[in-house]
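Below, each structure is written out as structure tokens.
Here chain A shows up in two complexes: once beside chain B, once beside chain C.
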Partner chain A sequence: MIDVQSIRDAARDLLAKGEVRAVIGYQRGSRGMLAEPVTITDPEQADELVWDATCFHNLALYLVEDRKALAHAQRTPNLPIAIVAKGCDARAIVVLMQEHYFKREDVYIIGVSCEGGGVLVEYKLARLLNGAQALSAVIDGAELVVTTLAGEVRLPASEVMADRCLECREPFPKEHNVVFGEDQTSRQLVAPFTALARFEALSEADRWAYWCRQFERCIRCFACRSVCPMCYCDECVVDSITFPVAPETTAEEKANRIRWIERSAVRSENITYHMTRAMHLAGRCIDCGECERVCPVNIPLRLLNNKMEREAREHFGYEPGASIGGPSLVASFRDDDPGQFIR
Partner chain B sequence: MSEEEQAYEPKIVAFLCKWCSSAGSDLAGVSRIQYPANATPITVPCSGSISPLYILSAFNKGADGVLLSGCHIGDCHYIEGNYLARRKIYLIKELLEMVGVEPDRFRMSWVSAAEGAKYAQVVKDFVADLKPLGPQNKLKADRT
Partner chain C sequence: MTKKRTGVFVCHCGNNIAATVDVARVAKEMSAEETVVYSQDYVYMCSDPGQNAVIQAIKDNQLDSVVVSCCSPSLHEKTFRDNATRAGISGFTCEIANIREQCAWVHKDRDVGTEKAIKISRSAVRRAGRNQSLEPIAVPVTRRVMVIGGGIAGIQASLDMANAGLEVLLVEKQATLGGHMLQLSETFPTLDCSQCILSPKMVEVSRHPKITVMTYCEVQEVSGSVGNFKAKILKKPTFVDPEKCKICDDCTQVCPVVVPNEYELGLTARRAIYIPYAQAIPASYTLDEDACLGLNPIRCGKCKDVCEAEAINYDMRPETVVEEVGAIVVATGFDLYGQENLGEYGYGKVEDVLDGLQFERLCSASGATSGHVLRPSDHKVPKDVVFIQCAGSRDPAQHCAYCSKICCMYTAKHASLYKHHVPDGRAYVFYIDIRSGGKGYEEFVQRTMEEDGAIYLRGRVSKLYRHNDKIKVLGTDTLTGQNVEIDADMVVLALAMQPSKGTADAAKVLKIGRDKDGFLAEAHPKLKPVESVTAGIFLAGAAQGPKDIPETVAQAGAAAAKVIALLSQATLSHAPTVARVRRSHCTGCEMCVTACPYHAIRLENGKAVVNEVLCEGCGSCTATCLRAAIEVKNATQMQVFEMIEACLA
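Coming up: the complex of A and B.
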């Protein structure tokens, strides 16, 4: 189990010595036990950092935000920014570096291993607690220690953990400057792609019926896109309002822009949007599961991304977030790529 | 087969590489090979230039089937475009199947500029496979 004090000390040291300009981490939020992302710049604030089973967020997103803010302000700082990164966050950072979004020396990665645990899911916990209010939740080995008003409750961690954490193949941040916690990469809680395999056993008609039910609900709030560290384009090809408009843009130009799909939240457009997104994330999605977590209508988006991840792994031997210098999935090929489907 | 089914003619959008399949379809024409007129050809610079969005968008705009045709492996004008296409198209094909679109609605073929007869055969087979499936309404935009 990681002592949160060691993360705080590391952050304080980095800021006090002037080695980094800020630390992105988690702090106690305003919603009870849940942690929330925070950027600290003052060594004094380091004691506010927390690390527990409610640190859901993929903080790599805030590196992207930071980069965008710097570009907007036309600033090029000479100090790196530090980030607290779980296994999945570290993989996301590797993908961003692979795509030259920023350089390795621009980031200082404070790795934290999820060890035998991961993050919890609120509804799973609520169900087990029978309505009791949880004040804090920390994973200790194979158990989740929850503090409620009535006292401490110990629950089996596997029953409250997120599916993505159960299926996680790499809970240890390989890419790091400093790391806390043990490397338990070989842990196997649930076989990877279990949910996907279960889904794929359905017939074609059932699969279609399933996705119809899911995508009819989509309200196109674009939360999945907003929360994704890989969706960093300023201009989104499936969202016409993100197209840049300058004072010299004529009405004709605006009217003649290609709108591949409409923004209206109807089934056909929703499906096309989500399939396009899955394709754009193929070989880049590192399965942090944030899209699924933030979806207000609970669409199982991980299934689509998992599908792409598994195909890439099984047929192209490609592992997203494995190396900074390697080629990307769709910009490389092998002679023995599958081609039997081509006539 | 009912009368209605017989009357149904599937609409095919065919993305053809300008260096090979496009010329191949032209050869089929000048050789006076008879083949169904269901395919609307769209010439693209290379099969590797195909964005998955072209395919999804064709379905969205009402295509019953989408055909993508490029140069044989090793013959790409841009050396490696069709290798990249093969990978990308494999992924989109898997995704379409996962969502529950009939696998027969999407097809890829290698047709060189000399293979007019093969192009005609590919379109013939595709039309024959599409007819029993009926109109594609799954991804088609509902603009009512």
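Coming up: the complex of A and C.
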């Protein structure tokens, strides 16, 4: 079990010594149990940092926001920014570095291993608590320790953890400057792609019907895109409204914008949006599951990205976020790619 | 922007298109398109009157863009683009709508075919509506050629090109030139000595002022494109200075290491330091690093001690050189299909079962037996020899599906040579059928049967195994329907030809395609038989498909002629349909840089920059870019979008 004090000490130390300009981490949220992202710049604030089973957020998103803010202000800082990173967050950072979004030396990674645990899912917890209000939730070994007004409850962690944590192949942040917790990469709570396999057992007709139902509900709020650290493009190709207006864009092009996807949130357009997003995340999505968590209408988006991830793994032996210097999935090919369809 | 004035020309292609597509209706529908000011159909658009009609229509109607609905752009795009140029507009404003291969030939129903032809033509009209008037990019040419492979194909191509005044770089992986032809004893159908006709050419190559021979070298990487390739070549160390080496043979006398001799196909042995054979070019020894005890005077050092010329240098290291060439000829040859794959013939483990090349060495005056046919196991003269054709060829179920083409002839030659060496011996040939198309070939086979008395048995051998000091060969004579059992002293397998390992490597390095059997793919099976799919890279010899010496020499000459024609131009014109970067959208993720097969993109100040000379406009970058920050001119996002829209409408 990780002592949150060690994370606080590290953050305080970095800020006090002036080695970083800020630390992105988690603090206790305004809604009691849940943690929320925070950026601290004062060593005194270090004690506000928390670490528990509600630290869902992929903080790599805030590195992207930070870089965008810097670019907007046309500022080049001389100090790196520190970030608290779980295994998945660290993989996201690796992908961003692989794509040269920022350099390795611009980021100080305070790695935190999820060890045998992960993050919980609110609805799973609520169901088990039978309406009791949780005040805090910490994973201790195979159990989740929940403090409620009525006292402490111990629940089997596997019953409240997120699917992606149960299926996680790499809960340890390999890329880090400092790391807390044990490397338990070999843990096998649930076989990878279990949820996907369960879904794929359905017939093609059933799957199509299922997705039609899901995408009919999409309200195109773009929360999935906003929360995704990989969706860092200034202009998204699916936004027909802003697409390509650049200094070299001709007046004619401005007058005739390409509308790959219409704005109305109808099924056909929603499907195109989600398919485009899945394709653009192929080989880049590191399965942090944030898109699915933030979806207000509960579309199981993780299945789409998981599908792409498994295809990449089976056909090309590709693991996203494995190394900063490694080739990206869609841009490279190897002669010994296991994919039978390539010769 | 003023509205385009597009002309549409719909071809009947005789009945090829007109039978399935109502061409008149296609032309009529197109005339309703907003940008189309002229449309017509004609029986053969590519005929002279057809072409003139296009030119005249462009002039008469002030057309600024053209769509020709006809066959594949790989056939007539150039024709019609040239017509556009001749009529005074940019050739790149002309688009081809393929309504033959992609429409008429794949449909039977006339209504369906016509509808589809309309959609294909309409999408081409939309694309043409946004085409820019581009002009070709002029690219300077490097007047040098690299030939990969120093067998007869490479030698012939080098000589032909060097004699035309081109500077030639001949790169060979082995320590000497010559290839497989040098291993042959005599050549069919004239039975002239293989070495005697090849070695003069090798001498000519080595003495030619325009040819640089690089033996014991491997091409590791090739970048650039037609007219300007850059090749990275690895020079493997021979540890012997050919300038100093006096070929005195003192070193091999003292070398303690014995390994199988590749040149003799393992029939004899050689030392770790060796010269492949007497006429080797360059005439120098090579120290085989893998076989040597350790290139270290402490471990052995005998050869260095004994070398009076001080030619041996253990400190030689691999060296990489970069050479610039304008064109490349690939002549990497063949290997024999491995005997170990043939379970029915003993997996290559039965003694005295030889392959064709080994038999050549047995017959060769320069071979281990000085030209006496003796069986390897006991050096006795074999009295019953079985020759098995199609060993690995024409067997789609288990081995190679294709015919190796030369085996009928060389087996006849083998049988004939054997009978000349051992007149009282019996030669049995198992065959499926005899393929002897070629000048003097059929007569040669007949002579082998009738004059030399070789016994031809039509059928296959099902099994062979060692039985006492004989090889029991079980087969069938399908003409008599009898089973045949022969106690043979020796068996010779006419193994299938397969592309050499070097061919696979070269294809990888050069990024040129291979066919389903692994041979190098030609650009067109009939009309571009010596061109690879990549401009500036040409094919010669058995690397492209099984062929005999005359054919190989002819193809080498053809490849040379293509190179000479290519490099005789002062500049090459490069298609201007290259990639363009939208700098504001580029985030510098480098995916396009990795994806580009031509190394045409690099990052400059965190943004992608395209080298227009290297770019082939393949669009790999466009497909890879997540931000639509790079697109190919005249195949822009907008054009693709409108084409899709036209098809869906």
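Simple rule for what comes next: the second predicted complex is superposed on the first by the 320 of 343 C-alpha atoms of A that agree within 3 Å, B and C clash if a C-alpha of one lies under 4 Å from a C-alpha of the other, contacts with A are read in each partner's own complex, and residues count from 1 in each chain.
In this section, contacts are C-beta pairs under 8 Å (C-beta built on N, C-alpha and C of every residue); 3 or more make two chains touch, one makes a residue touch a chain.
Computed from a prediction, not measured in an experiment: that's the story for all the values here.
Of the two partner chains, chain B is the only one that A:Ile261 touches; chain C does not reach it. With both structures placed on the common chain, the touch criterion links A:Arg67 to neither chain B nor chain C. Set against each other, chain B and chain C differ in how many residues of chain A they touch, and the higher count belongs to B. By the document's definition of touching, both partners, chain B and chain C, reach A:Ala331. In the superposition on chain A, A:Glu99 makes contact with chain C only, while chain B stays out of contact range. Once the two complexes are laid over each other on the shared chain, residue contacts for A:His315 go to chain B alone; chain C is not touched. Of the two partner chains placed by superposition, A:His176 touches none, neither chain B nor chain C. Touch criterion met: A:Cys233 reaches chain C, while chain B stays clear of it. Shared interface residues of chain A, touching chain B in one complex and chain C in the other, are 237, 260, 330-332.
Chain contact summary for the complex, chain C toward chain A: residues 1, 508, 582-585, 587-595, 603, 606, 624, 626-628, 637-638, 641. Contact residues of chain B toward chain A in the complex are 52-53, 56-57, 59-60, 73, 80, 83-84, 86-102, 107-110, 122, 125, 138-142. The residues of chain A lying in touch with chain B in their complex are 200, 204-211, 237-238, 260-262, 266-269, 271-272, 275-276, 278-279, 282, 303-304, 307-308, 311-312, 315-316, 329-333, 337-339, 341-343.
Chain A meets chain C in the complex at residues 99-101, 232-235, 237, 243-244, 246-253, 256, 258, 260, 280, 327-328, 330-332, 335.
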